[in-house]
């Protein structure tokens, strides 16, 4: 049976891990995720969760030990933020290379301070991990549970991050519905390692290891397979989201994007996470003033749902992308991905870039209204400058 | 306490294929054969970057993951998983090089020892990063010539004496720490037999001379290893629970280090003063070991 | 532009040798590109390197697939590595081999020149590092580089006594290299590439141990110390499986009763 509780986002994350019956938790503190691993310690200490909990000496070991555990045969979970995520960059590649479906919560923290932005996760975007962003604590809990099912699907078998903005979600309390354990058990089957890492499987392991080395194969094949798994993940994400909605009554668009107020829109803005949440109010206000502008919340950043943007791009005159990140020397990362997805279209929409919320700078309803209005002017054919704006 | 096992008592069953891709005369290959003979079909193996992947003739399951610094972490994850799965029959062990143990792997080593994780960490120590061509590690003997501590007008090989990792690990209070040598197989096998079924963190550090990196003819691998032990450059001892230390090889007199160093091309340049410096250090350490033998570690 | 492929085993100096040759060619005003193929750097394991030589800067960065010439630093390597694959018609093979070009186990539309580089290296250097001897032969049979430039390059790489020993190797090989001979009517030895976990390392040997069973006391020291598990106990006697023996010499060195001899392997056609 589900029940409601007013809780902070970090606790919702802990509940996701608990409901998923994770078996191995390497724990290391870093603001603003620390309380996640503390909640888990309490749950284990009180007998509410049966898992091996290891206070590791750093995030690199957290990820590398999760690799060992997942390979050996148990469901592994960890949580981190900002610099901790960067510190584990090396083993993150090893985990995805080994096709292990580890799930990790990332509570966003800037790499230039403690406040939130998406630089931490974006710095890891090439590690072949799924990346799913959340706008509120309920979504954190739900996405955490879904992440295990998606990652462990035979068609995917890639590790997954589910994430949310630090402080804004991690420490803010709001009502969250916690599904019942039996309902989650019916949704999420137990984990099975695909690696024959047991003494009695020595022969199978040797064959497996040879295949892992890609001996005698085109060396590019290993990357190609990971890319194909990423592509397959789009379908799996939508399927799992649909099933989750049927069982638990909560849906998040098609799992890849969620459109808000886009019917008949002439322009849309794109945002991730809590900025998308605030944007809903901005869109409501603008609708109240008769403006035809909608919000596309990007929920899955990896794999990037380019098809969704081609579809949406065909219906609007302009897209304003809000990036809570920047790749210095190039530009906003979501902006680049959106543009790229639109390139082959005839009559593609205008695209505008907005940097907002980096280093935790506050993003207000009024800021988003201005972003949306500027995007609408671009949609109407007006020459708007600058195309790139720091909000 | 471990007990040496006579060679005649060992069976003929092997758990490793003959011949691998390692250099001629590789002590690491001898270590791999001896470890697999003792651990048989009861273990899973951890590998990290080192010459170890050349030891792919070992039968125990192993899948290489590219995390050089992660031996301690990965073995932690594996052993915790088997515990969660109710598989306490599985022995988790790794044959790790000195680099992956004493340098880049040191953090993971210390932390796993501190947590008393349940696995067996075996070091085959060839005193440098041999897989990448022979760069110094903190396990390299002082004054050795390596590719990053070469001999030149301004450089006399590695400046620092070797870091005493076995004693450092023993100070974590773990169930078992031992040093061993390929030249003393009965002693090494006895230590492996003892360690294999102890629960908690076990550490066996094996001196494994490398003909390619230490620059001697491969036929002398065992002779050099024997010299390292007989001169006190690599004393053989074990420490139980971080408390009691016991020498397992106690010659009446140590061989002069000079003879042993001169067997190795990496010391070809060494001066009498440098030899004396090493001799003083070795003699002093040996005397302290003798004084503590059979008693408390400190 | 001329392209050469070098085959050797780790420890024979294939990679360094090619660099020395490139330096020698540079002294003669040529542009060169010396490319090693790195695997795990093991003594004994097959290695390949490439050399391109031209009159101006060389832009190609891919590998050499159709060499004009092949140089083989090890007499038995051709049994497990297809050393003449891709060699241009009418090309040249220079191989370290104690016999003549027509008895080196190679056959096809090319010429073969030999030099007993192992013997030369053992005599001048005391170790079977065959690269400089091969380079001396290379200078002689190709005429691409003068002996003088080669010696200068050798001394640059190895100053002092070591350099002088290597120069002697170069000079002796220069004298002793055999004239290239046609082998288009000969059949080359069948190449058996190693399997994934190939256990046959017999061709790594330069020296060969032999156990005198009369003297063997069954102490098992050779058995435990053999890194390749090439030695098994038949009752109380130790026996060597030569397929698995790399010829490291540990057994000969460690036998407490001197029951194991260690002598240079003879290169014969058809030995196991």
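All chains are identified by letter, namely A, B and C, in their written order; residue positions are counted from 1 within each chain.
Just so it is clear, a residue touches a chain if its C-beta (ideal position, glycine included) is under 8 Å from a C-beta of that chain, and two chains touch if they have at least 3 such contacts.
On a predicted model such as this, the values are computed, not experimentally measured, just so you know.
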From chain C, the most remote chain by mean C-alpha position: A
Central subunit by CA centre of mass proxy: B
Distance between the centres, which are taken as Cα means, of chain C and chain A, whole angstrom: 55
Centroid spacing, where centroids are CA-atom means, of chain A and chain B in whole angstrom: 44
Distance between the centres, which are taken as Cα means, of chain C and chain B, whole angstrom: 33
Per-residue multi-chain contacts in chain C, two or more chains: none
For the chain C and chain B complex, residues of the former touching the latter: 10-11, 40-45, 127, 197-201, 204, 219-221, 223-230, 232-233, 241, 243-244, 246-250, 252-254, 262
Chain B residues touching chain C - in the complex, by the definition given at the top: 7-8, 10, 12, 14, 16-27, 29-30, 33-34, 51, 53-54, 56-57, 131-133, 182, 185, 211-212, 217-223
List of chain A residues in touch with chain B within their complex: 23-24, 26, 51-52, 54-58, 60-74, 76, 90-91, 93-94, 97-98, 195-202, 205-206, 208-209, 212-213
Chain B - residues contacting chain A, complex: 41-44, 46, 59-67, 69-70, 72-78, 80-85, 87, 90-91, 107-108, 110-111, 114-115
